[in-house]
């Protein structure tokens, strides 16, 4: 085990896999000569050369489409989106091509393709650059959607993604890039898809979340424990497709109360699926409705004070926890 | 080519009989474009097309029975009945689909070409698309990337514009600012050539030379095949208000099958009797294919849930649906 | 009142608005010379000429983008998508441009733009052509999402869309085009956004739905009434953004049981939002969890028998109704 | 132009001071491209740009104070602080944004041009975009539609390629298969012209002539302005591994401000003293703008929920958030 940043975990996962398998390559805008806007790919062009580290034109649909063509012939392309916002222009390639060709070909091809990049708000990038896309992609069958919340998961889940046979939307949290955490040294350390984890144990309220909001939930849980003696159990979903709700259900069987925390807009957001699933399965165990903590339902404003108002904060989680405990 | 024509006629008939569902886009009139190029390929080359893909599948050797079964939505179809007419797929024979989003497959072909070269193979990718497909973003992005990668010899792809004059009901003049479609391709530093798409010998001749060049250089090349479709855009295109009967009749004078017959009569003494025999054979093959398709079983219900992903497949909601 | 098809209702709404306001125009693929793949626009080119009935190249992003530019300068473009599936290639124009420019400009422009077309499964169009997109678009603020389920609503809601100041995704059900129903004659008949309606009254179970599945729910409700004496109240949401849940809540206060019916994939689908909202607000009134009836979580297969298995049918709704009544 | 330069210097400074957030892309080195064209426009013309938009806003008369206030995220900003650097917008002065998705605004400009002509106005649309933006699908789709509509005189749009040699860190040779970018535009039947983007007189001269032609014909036209950016791509681009210091220095010899000064000295006897005065004025204007921005209030919290839609605005989730 060594302490590593979320950024380095991602970088190492890619480099170890490139070392292990010559079929792995990476492509994206300004990942080579420029070394990456977030420096995730720094040094890679030099190490692997331009055949395996491909600087592309600004053409996200072209990037994903060509990568699908590579993947079907057995390469394992990783497509870096400078930010996941730009992947919308490739939505058709992702959702109608990558995610469907296995099915409509009757299973004749694998599509081992990873599309990864940072998403999320927080540094005043305004309306077109601050979004998160988990529910957008997770609605569609045929593609896995991964939302790591720790450096270890970033590494382990990315390795699973690269070694797999299916397209993966690997949604990183830009705000977590600098976060440090223990990461196993074993180069074969992987984290399987579809295994949610209990990130913190607790007996009073279940908080279900993922990515950055899962970290925020942990902070709040510790505070609530110290300051008010409320013990929250935090469930980290890790992957939204496949979605493993079992640990959340088990937790609700214990706590009888749950909230969901997500960064993006409430309507038709990820939290709706999670809340609806909990209610469907655990209705008789619930002592309160499952509340959702979410960002405001507005395009992201530029001004710092407005942006802060638009995103969920500790106090929102605290309030929701107390609300399901009928303490508000 | 005769087989293709008979096959397409049969598929239109079976569509009207309700045996084939969905959209059905046939290749009648354009046969030389598929045959002329695909006959010049070798094992390991990969072919991409849009939804007008029956001819390519047949040319690659998928077999009329398995293709017809696919159109019938049967388990014996080349994609187990899951894809249908628009998504023919036969990886073993080099057919990598069969795509329904206009132009969406163009970048895929460029990527496959890159993959072939990445592995130091001398195989190439071939990509068919219509004149109308040249107006969508993925065409542009795919072409530019092919042009760029081609500079390093890393994109052995042969683009084939199936310029049949129309995107559904919109003529080339009405959908493209410049009707010299090849000019657009040259703007990505890709060599182009207009070829008579009604003449299979012209197509084959060009293909032989060009395919060899692509194998050697790893650079993309584009054939603009000037062709015409005799049937409607799809089976639902009955009225065809965008073109006159006269226009269609005029083009029937340049039926690729007639042109081929005449030419073969000249150079190798093909007789009317030979042709009749070929025709009978093709008719019989197609009839067999229809019988095969008809008699084949529909896919098992469990097939609904297979092939979605390799791992972590779907949970049947029918289990929770009430 | 006159009996009209859903198709004619849409067509009339457009033509009446074009007659009323010279700023209204329509653009799309093969809507003019070809007269429309679904013949919604038949005769319009002849009547209004090529400036107002624009045949476009196959370029959905270009269509929506140019329409946004028209709308900001005061025109009222209607963009016909041959099917809504093709709008994915324009997702960025719809969600990052049309839906956001009012906000990031600080309210300097209106974007009176309607994007409309058919969606849905049922005629073996396989994986890339059979989808519905309500949750995909309704997640994003800045755009209205309309899902009419009757000819009258098709007409009245489309008129509201055309006369409005905001971009609208107007999602028609291809399967309902032939359906007939009473449509008011008044050329100023409009149906407001954000007003759900009680499509059928009942006291036992609330069924919340929209578009074609709302019609299917009505059929089932009548059957259950006749055959088993179960009275379902059917709520037609009409617009998913804005989403008016009040009639559903009022209904649940009476029935204490609810199900949601949607055609598309369950995970992160529209039903999740509806179910989660009902639970959030009406938890204490619910005698059973809110169940969701949805299509199977697979890309649409081509084969007829598989397609039938992939979409919701009467018996699924019947089963869900009985399940929330604990009668299964 | 001097004002723009001083403004950009100030905005970089204020970014480093943490007064400006987000991404910041400045125009230093490219000033003549904005000024040369925009000074040739008239009331009612509309201008579109990407995220590198400060110069266009200033050239259109948005005023340095309101622009700087926008960068500071203040309520007095031209978009009330909601858009920021990438989304400057000033409809009253003809600026229709300020867009952050590369190339996404290109079709918008074509549509606005159509709208102007639809209403029989002789106003035109102008659209700035970078060399890198020419690789994305929306460029292609927008250009073809402009070319098509132009055939009927229905698309009076002036495209300006701001060819500064780089898309972020990727040089033109590395992102475009053919480096003659204008060739791509000609493939849509649109007239093009390469102009020295460092020389404001060359830009203005071309613009005068071309703008007149567009007003008359309703047809699109494209200027490829050959230019160079002196600063990094954005404020975060410090290392600039993709170009050498030498290269930047060499281009500084062709600073558009120096070129303008020299030329004005020749033709109208502009003295160093005049320049000094202009510089002092510009510096003072910008200082005032910074003070204005600094002293302005942030937007009221209620502004979060306005301008989302005209009707049926959002329900604040903070009300349910626990």
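Labels A, B, C and D are assigned to the chains in the order they are written; within every chain, residues are numbered from 1.
Assume contacts are C-beta pairs under 8 Å (C-beta built on N, C-alpha and C of every residue); 3 or more make two chains touch, one makes a residue touch a chain.
Values in this document were obtained by computation on a predicted structure and should not be read as measured data.
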{"item": "Remotest chain, chain D as reference, centres from CA atoms", "value": "B"}
{"item": "CA centroid of chain C to CA centroid of chain D, Å", "value": "39"}
{"item": "Centre-to-centre distance between chain D and chain B (centres being mean Cα positions), rounded to whole Å", "value": "44"}
{"item": "Centroid spacing, where centroids are CA-atom means, of chain A and chain C in whole angstrom", "value": "30"}
{"item": "Sequence positions of chain D contacting 2 or more other chains", "value": "79, 81-84, 87, 99-101, 104, 135-138, 140-141, 144, 148, 174-176, 308, 314, 320"}
{"item": "Junction residues of chain C - those touching two or more other chains", "value": "56-57, 59, 61-62, 85, 88-89, 92, 96, 103-104, 126-128, 141-142, 280, 291-292, 297-299, 301-302"}
{"item": "Touch-based graph of the chains, sorted into line, ring, star, complete or other", "value": "complete"}
{"item": "For the chain D and chain C complex, residues of the former touching the latter", "value": "46, 48, 77-84, 87, 89-92, 96-101, 104-116, 118-119, 125, 137-138, 140-142, 144-145, 148, 152, 154, 306-312, 314, 320"}
{"item": "Sites on chain B touched by chain C in the complex", "value": "21-23, 70, 73-75, 79, 81-84, 86-87, 99-104, 132-133, 135-138, 167-170, 174-176, 236, 239, 241-242, 298-299, 301, 303-305, 308, 314-318, 320-322"}
{"item": "Chain B-facing residues of chain D, complex", "value": "135-141, 143-144, 146-148, 150-151, 174-178, 183-184, 186-190"}
{"item": "For the chain C and chain B complex, residues of the former touching the latter", "value": "29-30, 33-35, 37, 55-62, 85-86, 88-89, 123-129, 259, 266, 291-299, 301-306, 309-310, 312, 316-323, 328"}
{"item": "Partner chain C, residues of chain A touching it in the complex", "value": "61, 85, 88-89, 91-92, 95-96, 99-100, 103-104, 126-128, 135-136, 138-142, 240-241, 243, 264-265, 267-273, 275-277, 279-281, 283, 286, 288-292, 297-299, 301-302"}
